[in-house]
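Since the structure comes first, as structure tokens, the remarks are kept for the end.
Labels A, B, C and D are assigned to the chains in the order they are written; within every chain, residues are numbered from 1.
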């Protein structure tokens, strides 16, 4: 709860700074504010509490994931200075909306009531509609926001309908009460409840970008300004998957039968389609979009196979995925700025001109592909272990096959950077940015080598 | 004290190492001393060992270390000294030394002089290992090692592609045999739990005759012998092997290496007598080879090729001897053959040397006067090989023939036929080379000279040996002592115990057989004299048209062409086929196909992403309906 | 502790190398590091006690919740593999001195990183750690081959990467699956994994997963098609690392992990595996006969030789297994030697095409001698290292099946055919325009060969030392299949 | 309250579902962004009605309070939505949703 309040205050503060025309203060204040909110979040560790009649429940799971979200936001904001360096217009609105979106995301990780979930989702989504279109002059940005908005509001209708049906059958929005209702049903759920449940799943799946509700993702990711794409790909995805995970863990306590198969099948399709479609993408940004779709599929494994271990698995996965993705977007920002596009050919020969950046992108790609001993491997390993513990052998085999396919596209930037000849133009990168990139790379390696720092947490 | 046995192979090895490692730095003079001296030293030590045989045989193994040792598999690096190995030792080092000595003259001008002696020493080393080994694996070391040296020496003049091909062919054909040897060894180990001669033979004694394991073992080992000793069907490498320098042919491809197969079977005599089926196979192979090779030799015009086919034929005789249980006879023939065939080769080398490399007997003739020492020694060799008494060949061949007669009368007839052919082609060779007028070029005639003493001395010594070698084993019928038989008897005692004791032939029969053979040989010699000395010999060029049988024989029954057609070419084609079709078009295409399929699928499914919002909504609704329908209504 | 040091030295050197700028200093430092590493390995070899592996064991907690611990150690088989790795890497580094690679610090750093991964694979006593090193080895290997490789390297090395990566992913699934079948508390410790209780069906599936991973790496027919291309495209050092050491990972994995873990399935499917391996021997040998590119020829010969090793491993007899272990070492030495020879010839003439060469022995007799010795090793002439391995392998295979042994034995004929053909066409005959100016080996180059030649004869003459080290562990592993 | 509860809950359910479906169909078949916005609004309002009905039947005020939240959120959403439509109209001079499909594949 303190996190939500702190972030809200931070958002308002940012807007005020804008009014006071202190543009140069924005980022320092934001970064500081994020650190403070992170600290505030962490102070609640091991002290589970609920607020406002269990509208908000703060427990270790929510704290851990909130921290991941804020940390991801921190990493993204650290890229912002470079991304917006040529922009003269005030940026307080964009930053403020991002902070509010982050607030919504945090709400989604700590809701105890479906009303809160809805509010979190909408806070996040409405902010994102704005952010996606924040590059008003670019037609692609316009298209992205239109698509995102139309599909998003359309699907949130279904989400709402689902909530209404659940409410109708269980008589409450409260997760605790719903879980009591579920227990009372003892396996025989009325169709209305089931319909509500599945509509809820569908609504959340849309946000996570799960097949067949993933269609918006590649187009919107591509059209959205890169910095905000990074935000969507990490913060939004993490928040949504956690929301879904939380709903099931709190409501069903391990009763799988009803929704297991559906999510199972969706996971399979997401992994396969995401990876297969990624193979042929000619540009890095769109490739990352498909990569993020396929990772949604992997994350679903944690939902399917939920067990005491899967908390940790999901935490590690979201963390490693977020860092690696943001790191990749960090390079992408540089490329786009220097070359005006993000085709793989723009990366040609980067290993010679910018060895550090090439190395960072390589590590991030390898991590996403799940190659040991990087964080991505550890995360996948945990997830697979969780799923196998529950006996989802075939699901894991599909996931593994997906990983194999994914190597095909994760290696394309590496091949371009190391094996193709460059045009010799060096990207100029300031030291802080380099340090930041290197920091993320180091994180990827360290999380891979010392995963127990993350894993024992929840 | 027994360790001096070690010196026997050690000297040539040292010689090889010195010449091999410092091959250019060693001056020629020293190379000569080292190259020949080491073999001489070995010979001397061998003599010491031979004359103190009882002492050595009783106390060995005084030295052994475990070469390979895993649980029950123990392969010590152990040597065995017994009469059989001593005989071989003396041949290898003795004849080997003479040939080394001869090479000093023969190879004098060659730039690869040091290399030549290094290889030769290495060969002697491996041959001695082969002979001395106290178990099959150590024998196999020598067995393969001599193959290597044979390869190196056949291809000694490695600029010539033909020679290299010949060397490669020899090595590969030997390897085919070696595989048989190897598998035979494995089967021995499988059957007896050991590979050392002592244990294997001791256990074999108690096995019933004709047991499948022993038949299989002996057949597999015989495959090895076929390769090494150039029997049908693996003989074609030997004529080609004449590409090497002539001393090599004398040492490796006449006196020692090619007889390794005979030695190995004689060594394993107990196994063979227990496998009558194998013996039959050996007999048929040997006899067929003897006749086949002899018939080819009649029509060859290359002096060394004639001798090569003659060697194959004589080896066939040895195998025939082995197959009828005449182990001593075979060993005796091996010994005398070593003398006279080495002599003949060296003689041929002397001729070639004199004529500046000419090998075609159609371009020779009348060398008798110009090369007297060569002529006389060659003559002795020819008489010896033709089996004319009292030279050595007569006794050894006669012993084999006698046993063959005891064994089977039809086989004897074939064997005698072969012997007659031998007489014919050898005298044809002699007459064409040394009689009538010289048919070569002016330059050759001018250049022609008798070889230096360093070459003729070995010729003379070998001629003496070839002449009197028979005394080693003069049969009882001539009031001889059969000394070699007595000497080797302990080795073959077990085998002799197994074979049924036949009543010795009456002396009258023996005389009769000898008479028939000798008459035939005499006839052959006269016929050859008639054809090639009295009349002007008819010598057709290679391209001339011949009637069917002479053509077939000149062309060596087209066996090389046949092998080329049924093995080499198909293998090449198979190789190309496997690579171009199976590998690239099939296996790799499947692999790439999987990859391409993924890419293709990726490229196809991405078009679902039409960019059209309405379409997206439609698909999503379909998805929603599907999920609800499947989960709730069903 | 030595075991961990063995992993850390190359890692440290690899990192330090990245900071050095001067090419000469990089080379010397890399070489010195690799030699030190070899020294440590020798120390391990000396202190090793066959009876207990305790002195080389190192254990530390890592992921206790998931039963993964940093457990490193060496038994006889690992020890030999580590010796091989640490012995060959300095040779490989030295052989690279004659090339001027772009970005030398990255190159040598990757070589040492790869050494670390390889050593890690061989000393890991924990299933997951093994897997991590296994995959880790692939990355530097790929970079070395792809960045410094030759014609068409992108496509070829990419295929190599994907192919081997796909194979090993399924091994990961199998490992995790196994983890849940280990006795409580679950653990990836190799002894726990050995003790996993599996139904026959599970055995089969896990066997298939392991077999795919290992067989692709080895490679066993028909999963070999990545290999000739990759060897051809890779730079000399890359081919040596791949052929000399990396493919041993596959065989080692079979011995260390696959056989004890799914021993029932191994016994059940051994005939299938042997048939594949033996087919591969003949198939690759026949193909090698007509190859024109020397590297390709050696690549196919390697498939044949390694096929024999694989067949021997599946024969599940002590002799064959011992043969496999010793032959892994021998094959590593021989193939590196062959690649060095090929590299030197290519440097001198600019081609690897057998057809275009000839007569080099006239100009470079020392090179010809070295080539001949290495060639003898690889065609398994007695008294060279190759013979010991092939003799034991064939003997063991013979105990398993006489027919298979006879067919596998064809390799001794075929290897003579293609190796001698290569030798003859390149070294013998008359010189031509390309080979006219070939110079003989310089002394630094001789130094490259001396350790190899010494090892060829050492193993050939006194194999006992190596056989004895591995024997107890070989027997122990074979105990699982009895 | 009584007036509401005299009608069985099924009626509300069917009615609201029908309204919702009409909204969905509207979204699916119309290409005009404004009409789609209105259709979405219809979907949301049908849900509001449903929630109110459930609330009445279960005597639980939470449902009706949620309706207020939804109305607020929907208003915000429509505001954003209209802004986006205006934005699109400026660049493309059309509010047809299918005009913009540069981002694909």
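Criterion: a contact is a pair of C-beta atoms (placed from the backbone, for glycine too) under 8 Å apart; a residue touches a chain by one contact, two chains touch by 3 or more.
For clarity, every value in this text was computed on a predicted model and none was experimentally measured.
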{"item": "Centrality ranking, top chain (CA atoms only)", "value": "C"}
{"item": "Which of A-B and B-D has more C-beta contact pairs", "value": "A-B"}
{"item": "Centroid distance [mean C-alpha coordinates] between chain D and chain C, Å", "value": "66"}
{"item": "Chain centre separation in whole Å, for chain D relative to chain B (CA means)", "value": "98"}
{"item": "Euclidean distance of C-alpha centroids - chain A vs chain B, Å", "value": "78"}
{"item": "Centroid spacing, where centroids are CA-atom means, of chain A and chain D in whole angstrom", "value": "27"}
{"item": "Residues of chain A touching at least two other chains", "value": "146-147, 150, 154, 218-219, 408"}
{"item": "Per-residue overlap in chain B, given as positions that touch at least 2 other chains", "value": "595, 606, 609, 611, 613, 617"}
{"item": "Of all residues in chain D, the ones touching two or more other chains", "value": "24, 27, 97, 100-104"}
{"item": "All touching chain pairs, where touch follows the definition stated at the start", "value": "A-B, A-C, A-D, B-C, B-D"}
{"item": "Touching residues (chain side chain A, partner chain D) in the complex", "value": "115, 118-119, 122, 126, 129-130, 133, 136, 139-140, 142-147, 149-150, 153-154, 156-157, 160-161, 163-165, 167-168, 171-173, 192, 218-220, 222-223"}
{"item": "Chain D-facing residues of chain B, complex", "value": "606-607, 609-614, 617-618, 621"}
{"item": "For the chain A and chain C complex, residues of the former touching the latter", "value": "351, 366, 371-373, 377, 381-382, 384-385, 388-389, 393, 396-397, 400-401, 403-404, 407-408, 411, 415, 418-419, 451-452, 455-456"}
{"item": "Residues of chain D defined as touching chain A within the complex", "value": "9, 13, 20, 23-24, 27, 33, 36-37, 40, 43-44, 46-47, 50-51, 54, 58, 60, 62-63, 65-66, 69-70, 73, 76-77, 80-81, 84-85, 87-88, 91-92, 97, 100-104"}
{"item": "For the chain D and chain B complex, residues of the former touching the latter", "value": "24, 27-28, 31, 97-98, 100-105"}
